[in-house]
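Right after this note come the structures.
What follows is chain A paired twice: with chain B in the first complex and chain C in the second.
Right after this comes the complex of A and B.
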């Protein structure tokens, strides 16, 4: 018995040390972002900070210095991520309704297409879009990248919501149909209101993915006033010399949005991800 | 609003599929076409593929012709090494943690929340943090090794070909472990507690329960985590771009980065398309596996 208790304590200890180790990088960048760099070099950052020397100078520098201008990047990220969440959510909800409640000949083919698109790497689309966008005047515009993110979002959210819609109580939908309600009415008055948790989870994951994107932004947003925060934060890293305080502050600024969303809604995130791994 | 049976699906599908066809389907087809487009002659042939595969420039090389002890080995080899090291570690650690968290550890929700954070943080920032953790002046790892007196590992890992790739792979474990722990934890919920209790009553040891009861029942989840992790490793970009940019001397270059280098550095858009197609072809078996699994 005593050995068992000892074993449990030991396991708890090991797992908790691992968890603490996992937080260490975050603690590190928070600490280094508010400490004067000279002090970090001498004393290191893994210590109780000296309250008197704490400074937010790095944050102000990262946000406002015209060289880095994370404030503009943050604003752009907000615009891009919000609209690139709203558009696919609407489009995907419509498509998911068709896939879960209507019968049509192309259904298996179109649904297969959705699955394929979900898995294809981003890299496979950018070259033709680059040519197309240059001709249409969409290159280096916020609108261009929003359209792209929206189209990708539609694919996975359609799949995600179709599964959700399928598990809604059939009897409600059948009853409405018997009463002569149109499909659009069933969609807007029954299916959507019942699916709010699913819509929330999809919106949060899509927003985070768009916010976190770097690859599309690098290809399609080139001028300073259009770049998003993930691009701007890399620019804080100089070629030879790294100002760690500045870089850490920039990192925290650019991760703040998804981290806050995660802190508030973490169940939606975990469930959304877990849904991938558990067969329903 | 009443719509005839024929038109109804069109009403629901027109808007989403217009976007998908314009911004996903068309570009995919066109990428394949461009990958064969020879810009010197204007004809379609395999020259881009030959050039891309045979390049020996460390920034663009896919597979090194010479066998060396340290990277650069070529982008494709780096991706494969990434998979070989990262996937087993992710599965092994994820399984054990999910198991211990469910049956033994107090405060397991908090531990899961911490580990999952890596999935939420932008991968770019993940890359910068990796660079930070392995930095000679401010990083933890070099400090530890300098303390134990291992000179070779007390430098900035990402600056040396011997250690850079390995530093990134270790860092990617920190970022991605949340995925496997979350999926395995969710899958563990579906194992009836009575199975575990029964095994305990018969005096089965912890290790025995884990290997003989848990692991077999988690096979589908292990499958999906393996496949998703392979796909993530093969497509990896942001982390490398932010931490090393493929350096030093191409020793951390990966396929997605080579694709980007052809695009943004060499401005050779057709070869860039070629690399994208090669990358897709390599991961196609895993894509098919996932689609099959998603379908039912």
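Right after this comes the complex of A and C.
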């Protein structure tokens, strides 16, 4: 009995310490972002901020100073991430329906191709893509990066949704077929409405992935007016001087979208992760 | 009459190396209620799915009203199917579920919204679910879901009704009730119905004709009483009936030698056989006094079933089941005398497993 209590206490202690260690950087960033620069430098960052000196100056600066201009980045990110979620979701849902419900000749081959695409490391494709984009005039365009993310997204979402569709009861689809429904109607009236949790999970994972991308953005978006928020955050850090408050505020702005999405839809995130294992 | 005739001709369906349906032939008349009865894996559901168009046969053709529909899509065959799990669309209300087959054909059948509503309401009233139309399927009981599934299959007045074990997910009591209603409904509407089940009671009580299937083949098609009283195959004899038919293994020479008794065999019967089975239903064996008995045995165990008893009697080393309604005070190990109603006994050839017909009177009337 006493050993059991001891064990519970010990486990709780360990978990709390881990949780604290895990969240400390975030708490730190929030604290720094609302403190004046002077205070951060003189008094250090790991403390409860002085209420009287709290400020949102860093946020305003980060968003609006034309030097950094996170507002534009945020807007660009929203556009890129939304469209790069919508396009592959629609395309992949259609493809996934075909893979799960129709018989056609090249099905195993095409499905194998999707798996191969999912396994290719992104870094490997950058050089050929760069030349392709330059020749097509897509280099440094928002459309170009949307196309890129959509292409990556469509492969894994097809795979993900196909597995999801496979788990729908077969008899529902067969019943609809006997009732005389066409494939498109079965897709739109039966399969899609029943797969909303799966579609949500896929959309959220894809959106977050695109939002957090820095690698492709750094390579394919160069001009200030096209850059996304993750690139803008990097620019908050000067070469010789780092304004910690400004950088912290920028980081929080940049991660605000994924955090909000997670807070609102965390049920779907869980389901998505459970269905997926680890995404990439 | 709405129903159509149905003909299956030489249907064979293989799944990889497994033959699910093996050269199956079946003709169903207009308005007939036919039940495919057999153990799981016998090919009955595959046969039903082939009629529906959900599977394509490897060989053979399917005709509905004389028209070859083998290559038509399920939706073009004008058949309706009730699935074992009902397959109600969980995101739609009861109304939307029932209306679905009409909505998808609305333009083809030139139906207006009002036409659809009228027809849905009519069917819903008939099946007494008109007060449930706004509910979702998950808010219904099993019996109600069953009715919605039937309504959805009825609403477009199909030529053929296909049912895949539609009662197997219901409670025993509800099942009895729905079974009776189903039969009434089918008779009133006259829709040709093909019904799949492994439950022989269901088959015998519902069917105009029963087709008993095993290993992808139909072994016998006939009215419930034909299948029960005059099985043409050992499998039919032992699959239909609770408990199944007793099979007595008898040796044949110039005498016929069965467990417990021997009879002289007039020359012309069962020539060329060295062995045969005599099949006799448990209710056609009687426990009688020593004088009347054909042979004796020892009570192995008595199973009371409420209104009747199943007495297991050991004769030599063969266990014979006797069904009797008589009040009995028998104990294990007690000696009893059995009398067979020979007019009901059937001989089977062990090699072909086929029926050889009734036992000739000259064999059993000897004393």
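Here is the rule we go by: the second predicted complex is superposed on the first by the 275 of 280 C-alpha atoms of A that agree within 3 Å, B and C clash if a C-alpha of one lies under 4 Å from a C-alpha of the other, contacts with A are read in each partner's own complex, and residues count from 1 in each chain.
Note that in this section a residue touches a chain if its C-beta (ideal position, glycine included) is under 8 Å from a C-beta of that chain, and two chains touch if they have at least 3 such contacts.
Keep in mind the model is a prediction, meaning the values are calculated, not measured.
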Fit or clash - chain C, chain B, common chain A: fit
Contacts of A:94 with chain B and chain C, given as first, second, both or neither: first
First (chain B), second (chain C), both or neither touched by A:185: both
Chain B versus chain C as contact partner of A:224, first or second or both or neither: neither
Which superposed partner A:194 touches (first chain B, second chain C, both, neither): second
More chain A residues in contact - chain B or chain C: B
From chain A, separation angle of chain B and chain C (C-alpha centres, steps of 10 degrees): 100
Which of chain B and chain C A:254 touches, first, second, both or neither: first
Which of chain B and chain C A:75 touches, first, second, both or neither: neither
Contacts of A:174 with chain B and chain C, given as first, second, both or neither: second
Least C-alpha distance (whole Å) that remains between chain C and chain B when both complexes are overlaid: 10
Footprint overlap on chain A, comparing chain B with chain C: 182, 185
Chain A contact footprint on chain B (complex, rising order): 1-3, 8-9, 11-13, 15-17, 19-20, 22-28, 30-31, 34, 97, 100-101, 104-107, 110-125, 128-129, 131-133, 135, 137-138, 140, 143, 174, 177, 179, 182-187, 190, 206, 220-221, 224-225, 228, 231, 235, 237-238, 241-242, 256, 259-260, 263-264, 269-270, 272-273, 275-277, 279-280, 283, 287, 290-291, 293-295
Touch list for chain A against partner chain B, complex: 7-8, 11-12, 15-16, 18-19, 22-26, 28-29, 32, 40-41, 44-46, 87-88, 90-92, 94-95, 97-98, 102, 104, 107, 110, 112-132, 147-148, 150-152, 154-155, 158-159, 182-185, 187, 208, 211-212, 214-215, 218-219, 230, 233-234, 237, 242, 244, 247-248, 251, 254-255, 258-259, 261-262, 266, 269-270, 273-274, 276-279
In the complex, chain C residues that touch chain A: 52-54, 73-76, 79-81, 83-85, 87, 89-91, 100-101, 104-105, 152, 156, 162
Residue ranges of chain A touching chain C (in the complex, touch as defined): 169, 171-172, 174-182, 185, 189-190, 193-194
